[in-house]
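Each of the two complexes below includes chain A, the first together with chain B, the second together with chain C.
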Partner chain A sequence: MIFAQERQQQQRFPRPEFESGYQTPTHQLLNQRGPMWEYADVAVLIAALSLTSWFAIKKRSRKGILWMSVFSLAYFGFYRQGCICSVGSVQNISLALFNNNYSVPLSAILFFIIPLIFALLYGRVFCAGVCPLGAIQELTGFRPVRIHKSVEAVLASIPFIYLGLSVLFAATQSQFIICRYDPFVGIFRLNAPFTMIIFGVLLLVAGIFVNRPYCRYLCPYGALQNIFSRFSGKHLTITPAECTNCRLCEECCPYDAILPSDDLKKTEPKEITRKRFILYLVLIPIMTIAGAILLYNLSPALSAVNSNVRLAREIRLEKEKGVPALSKSAAAFKESGKTEEQLFSEESVILGRFRKGTPWVGMFLGLSLGAGLFSMTIRKTRTEYKPDQGKCFSCGKCFEYCPIESKISK
Partner chain B sequence: MDYAQENRIVLNIYLLRMETGKNKYQSRRDFVRTAGKILVASPLLVLPVLLVKKTNVKGYVWQIDPYKCTQCGQCKTNCVLTPSASKCTHAFQMCGYCDLCGGFLRQGAKTISTAAENQLCPTGAIKRRFIEEPYFEYTIDEKLCDGCAKCVKGCGDFGNGSLYMQIRHDICVNCNECSIARTCPSNAVIRVPADKPYIRKT
Partner chain C sequence: MKLSDKDIKILSGVSQVAAVFTLIVAVTMILGLIQLKVVNPLDSPSLALIKEQYDRDPSEKNIAEEVRAMDLLARRAYFSSRWQVETGSYLLIAGALIFVLTRRLIAGSEKPEPAFASEKPDIISQKKKYRVYLISAATIITVIAIISSFVLRGSLPETGVKIREAGQNTKEVKNAGTDALMAGSTNFPFFRGEGSRGIAGGTGYPVEWNGNDGKNIKWKIPVPGHGKNSPVIWGNKLFLTGIRAGTLEVYCIDKIKGEIIWTASASDFPGASKEIPDSDPEAGMAVPTAAVNGEVVCAIFGNGNLVCFDFDGKRLWAKNIGVPKSAYGYAASLLIYDKILIVQYDSDAKIAIKGFDLSSGDQKWETPRTGRPVWASPVLASLDGQTQVIINGNPNVSSYDPETGAELWSQPGLSGDVAPSPAVNSRFVYVVTDYAKLMALKPGKTGSEVWSDNTFTPDASSPVANDQFLFLTTGAGDAACYNAEKGDTLWSHVFDNPFYASPIICDDKLWMLDRSGIMYVASASGKFTLLAESPLGESSDSSPAFSDGRIYLRGKDNLYCIAKD
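This part shows the complex of A and B:
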């Protein structure tokens, strides 16, 4: 009805009646390649994951994994131009889970679930050779520099915060921040705003030394992969046979993902260990609750990510304090004929949704921080060098450092 | 008993248990691992069940709703592509074929002609062709159009509103979140079913 009125208003001049036999043409609008092509991408994804798992676990071939990276970078990166990717699909899933007016494309669900299933079976093979974002960094990490353990531990917590916030912002229909701050998609498309290119190139330059910076310190899907990979059925191993504790692989991992064999001489008295164990166990629920409270109180600030909330605040500021609302959205709002009451009620609905979501995000963050700290207190008896299944990207760089490997292959 | 001695005993017990295959620590750890596996695998099983009703096989593309568009000009600058994938479209059946065209001529143009200084379009993407007295046909040269929407505004303000913006799906890379949609002040950029990718003005 509203559309019809607008249309009538705009029809100022009558349609001409041509005498020369002129036929009004129609503006031809072209379509994309067929939507069903996305299922070809899913097939490629499954094939690439299977091949990478085979290279990582059965074949133990670093070269094979490297060629998989090259292929994924070429296909998912430069040919498919980086959309849709598993990293971004997190947001489609959470948007669909918490909103009834959005139905998620099947291909997005498959892109989300399949790499996680593979992580549960074979570790982070997706990161190793299938993810185009990982591949571009894998191929540019020339000079690995090791980072101090404490710095690494702090930086490694960022992906969890990023994951929590991106799920929150997607679920409240505010923004897809993972896609907005995707560093390499501009490079894949060879066309992007300059800020995107600068961010991507800076990460790549940093990645020459601190390998895979996006994967380790930012990637929210990597945080999920990290959790799933810890419980993987099979995982890449450093040595093909029994570890002789030769310590040759100790320094080889650029991601600090090798767990050393236990040095039995260094153990502390049992009393201290036990006390620390109990302290950190008690800290888990405290941190969970603290996280929930903290994030709940941050919800008004966080809701400013939503453009409707920002607009409502701008309009309110104009109304109450006389600060003129000059933004383009304010101009469009005044043109649209929407009332201020409608806008303000929309704002309070969105804020309410943030208030519902933030405690859960806070709980997730508190729980993962607590669990991370707690896991450091567990006494481990390890008689071999093995990969830290959470952090290990299954890149296979450690294979060639193992002397048993070369003995067997000869 | 000093710590070294204690450790030696612990190690011996540990090795002994390894041999017999019955290790208290090992079985406890296995239990934790299995529990964790079930715990993380269950969301993967539940997720498809939850989403089964909200799944769309064909997928979505982004499109501009021409009835919500306010011609702010951000389509030109905010698309991840340069030039933008959003371009001017002409609904010929709505057009008045006017000589004095608000979409073609700059406001305050001295003469009605195709001279560059009279054209509204900064890239000269609108072609004007004489049909019969007094009608002129206007067509968009899409290679030149950069999506600034000046002509759309002009046509809507002074004419029939037959010019409107549409995202071209032969160019659009179909970002997961359209960066024009994120900044569109009137929320005119929406997801539409991929098999009906255009919202035509009629």
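This part shows the complex of A and C:
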């Protein structure tokens, strides 16, 4: 092995000697991070998740969670420059699942799985204090404003759509849209397309009032965290003891993630409840199938995300309608010697992949919607105010609103 | 943290200053970036003009100096703008950080004031409202999606892709695009399979076997004659050639049962050469691999005897095309394209490419080539929408029309003892030989070298490529993988023994057979992952053949069929 490395590194040609006296600079190699550092990142991730869980559930310290956010922003954000990132790892996993030639790094797998395991155990502690994207928004959101529930309901569906599409685009080897449109990575690296910096800054400014806008209305990994966290075994609670239903916390959550107590005193006729239950239960498979059909029908349009499909479309327009193909890709294609048949054949292959993938994404979206609606037909007895485990970011903002908390801490 | 009113006042002032500062920096940066976008110094019209003047008269030294000076100025202006933007971003971050920090400290010192809701929310009406919101949102999104599906459809093709199972007829290559790189799962008609491109079809091949203890060895039979050629397969029939007691022979073997169905002589026809020309002592007379289609099998030998049999062993025609004489003996394997048998003829006296009528044996065309004889074999490729025969010659890499023999293009290639056959994918042709280099060529009359490398150069084994990767194994025991498009070395590995057999890509794996008979199976990807290492139990220089989940290996003395038990 050492022999092989030596052979690779040998100088095949002597360096040129300049008559002008030019001094050849010393050859510098890029400092690459070794695999051990990747495992160190994983260790840091586990430690940060454990500490945040401890702060959120055992210690009940909002301050502790905030300091974890500061650490995560510094380490995973500015030091590691937003990469590796659990949010983006969704795409690595999707690509690896559908492409045998892609070898997914172990660290990417771990960054994808570990926060989900913690979500199953302790809720969205990853969002609370470990995710650098969440951390930067948490730290800048200091003037929370609650937005109307109707707007919240509409916007909250976007992460599921974003998740479905990002998996589809990665699996079809088209684009890593999560990374491409990551609003904060440009800030972490102090280098990004200008529009992305503007987008990131705008989100942060909006986030001063509408806290965590990316986490709530865009983050695809947040959608997964939302699903997993619903089943978490031990979740953060608003009150450290028994809830007295004082209602002081009712309006405190900027994310509208507090479920009020419901003693089922006020009821509606059982017949209406039963009919609605059956209706929404029947709607689940209908919505699942409708989603599959709708997305399948969208596959030609969605496939335009792929650069080869866009190029083929441009070349076809030029060929059939005489619209000149002037893009840089078109110029490069014409220089490459590749034939139009090859390009159109590639386009067909990509479109075929989209036709295979879109029904599954549609089914996921239809099922999510159907299940979401169905869950609203079920009413459970709830004697206390408690966090909505799917929506709650485990940020601990509600702690200090609870009079029992203040009493105990005193 | 508890803060006094005075502290809060100070922090508030600092935050306001930070906010104004951040705003000013942000506006300045935006203006700077707009300026850089609109008036890029590197795109200066006066610079372009002076460059044009210089292009018209490059001998004018004053203009050259002027170009240099203006170019330097433009670059200084450009990098100065970049510096301003970069410095600005640091200032922006610093300002924003101070603003956020101060505002957060102020917010943290404020005691939470719970809002006393007047009336407890009605869960039933709340849930009803939510359902309405959700259904409204879903309806809006669905309507947008439906409209998009019609509006954005554009000029995309309507039909989905149907992955074609190629390889049933070599003519299918003619109109194939990328799919031409796919091979059928049953037939393995030429040296290195379909089109002689080194890519085999099918799945479920075993990766582990042992010729010594019989693990996964379905059958093993001695091959009557000596030869270095590789198995070719059509349907259930496998063909080999060899020389036994001075007689050249073609063997037809039942690929399932492992029984020799018939043996036919290639030495006893009128006009047959009995000469045994000099050749490499290891190689011999039966180096070229036969070619088969659904009706006939054709074979050529080191003395120029060219024969063609039907599937029952009946000789259809036979002729001697001239005894080729060269340093290592004759080695070029045959190809069949439609109804034409293609022979790459290499001799010290003459080098050419010939086309013979498959049914009669009449020569349909002959195109002389220039240069020196080589020991590589031709490859059928589909490039630029045209089926071409590619030859790795010395000194040119050339392409010919398989129907007429007309030379399509020729580009400078390699020198020395050229033995590895070309590799092709949908875009490039790759040629390599030892003591020279590995080259990726853009095919065509206007094509040229795209990239080259001289780190890993096989002497006998041929490279293999798909659209992503190029793999090769060398006589020094190296295996290497390159990025097929850019030429970056993605991985390399040193094995214990040299390779003469050519690697094959099959079932997403790379199959590499070394001279000692050990098959190394690796993942056909840009990362080296060795999946298995299986010994045959005897040495081998022949390339493997793949068909219907079975692997066929010709060892020094025996033919092996390897399949899962």
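By definition in this document, the second predicted complex is superposed on the first by the 373 of 410 C-alpha atoms of A that agree within 3 Å, B and C clash if a C-alpha of one lies under 4 Å from a C-alpha of the other, contacts with A are read in each partner's own complex, and residues count from 1 in each chain.
Keep in mind that, in the parts below, contacts are C-beta pairs under 8 Å (C-beta built on N, C-alpha and C of every residue); 3 or more make two chains touch, one makes a residue touch a chain.
Fair warning: this is a prediction, and the values are worked out from it, not measured in the lab.
Visitor: Just checking: does A:Asn92 make contact with chain B only, chain C only, both, or neither of them? Give me first, second, both or neither.
Guide: The answer is first: A:Asn92 touches chain B but not chain C.
Visitor: Please indicate which partner A:Ser327 is in contact with in the superposed arrangement: first for chain B, second for chain C, both, or neither.
Guide: first
Visitor: Now for A:Arg189: first (chain B), second (chain C), both, or neither, which partner does it touch?
Guide: first
Visitor: Which holds for A:Ser103: it touches chain B only (first), chain C only (second), both, or neither?
Guide: The answer is both, since A:Ser103 touches chain B and chain C.
Visitor: Between chain B and chain C, whom does A:Pro269 touch in the aligned arrangement: first, second, both, or neither?
Guide: In the superposition, A:Pro269 touches chain B alone.
Visitor: Could you say whether A:Val145 touches chain B, chain C, both of them, or neither, answering first, second, both or neither?
Guide: neither
Visitor: Between chain B (first) and chain C (second), which does A:Ala241 come into contact with in this model arrangement: first, second, both, or neither?
Guide: neither
Visitor: Now for A:Ser336: first (chain B), second (chain C), both, or neither, which partner does it touch?
Guide: Both partners, chain B and chain C.
Visitor: First (chain B), second (chain C), both or neither: which does A:Leu202 touch?
Guide: neither
Visitor: Go through chain A and flag every residue that touches chain B in one model and chain C in the other.
Guide: Residues 3, 7, 12, 100, 102-103, 267, 336, which sit in both footprints.
Visitor: Within the complex, which stretch of chain A touches chain C?
Guide: Touch list, chain A to chain C: 1, 3-4, 7-8, 12, 100-103, 139-140, 142-143, 149-150, 153-154, 157, 161, 187, 190, 194, 197, 201, 204, 208, 247-252, 260, 262, 266-268, 294-295, 297-298, 300-301, 303-304, 309, 313, 316-317, 320, 336-342, 344-349, 351-352, 355, 369, 372-373, 376-377, 379, 400-401.
Visitor: Would you tell me which residues of chain A are touching chain B in their complex?
Guide: 2-3, 6-7, 10-16, 18-20, 22, 24-27, 29-32, 35, 38, 81, 83-85, 88-89, 91-93, 96-97, 100, 102-109, 113, 116-117, 120, 175-176, 179-180, 185-186, 189, 191-193, 196, 227-228, 230-231, 233, 264-265, 267, 269, 307, 327-333, 335-336, 381
Visitor: Could you please specify the touching residues of chain B with respect to chain A in the complex?
Guide: Its residues touching chain A are 3-4, 7, 10-11, 14, 25, 33, 36-37, 40-41, 44, 47-48, 50-51, 54-61, 67-68, 70, 72, 74, 80-82, 89-98, 131-132, 135, 137, 139-140, 156, 158-161, 166, 168-170, 172-177, 179, 182-183, 185-186, 191, 194-195, 197-198, 200-201.
Visitor: Help me check something: in the complex, which residues belonging to chain C touch chain A?
Guide: 26, 33, 86, 89-90, 93, 96, 100, 103-104, 106-107, 112, 114-117, 120-124, 127, 129-131, 133-138, 140-142, 145-146, 148-149, 151-157, 159-163, 175, 177-179, 383-385, 426-427, 442-444, 446-447, 454-455, 468, 478, 489, 492-494, 508, 523-527, 529
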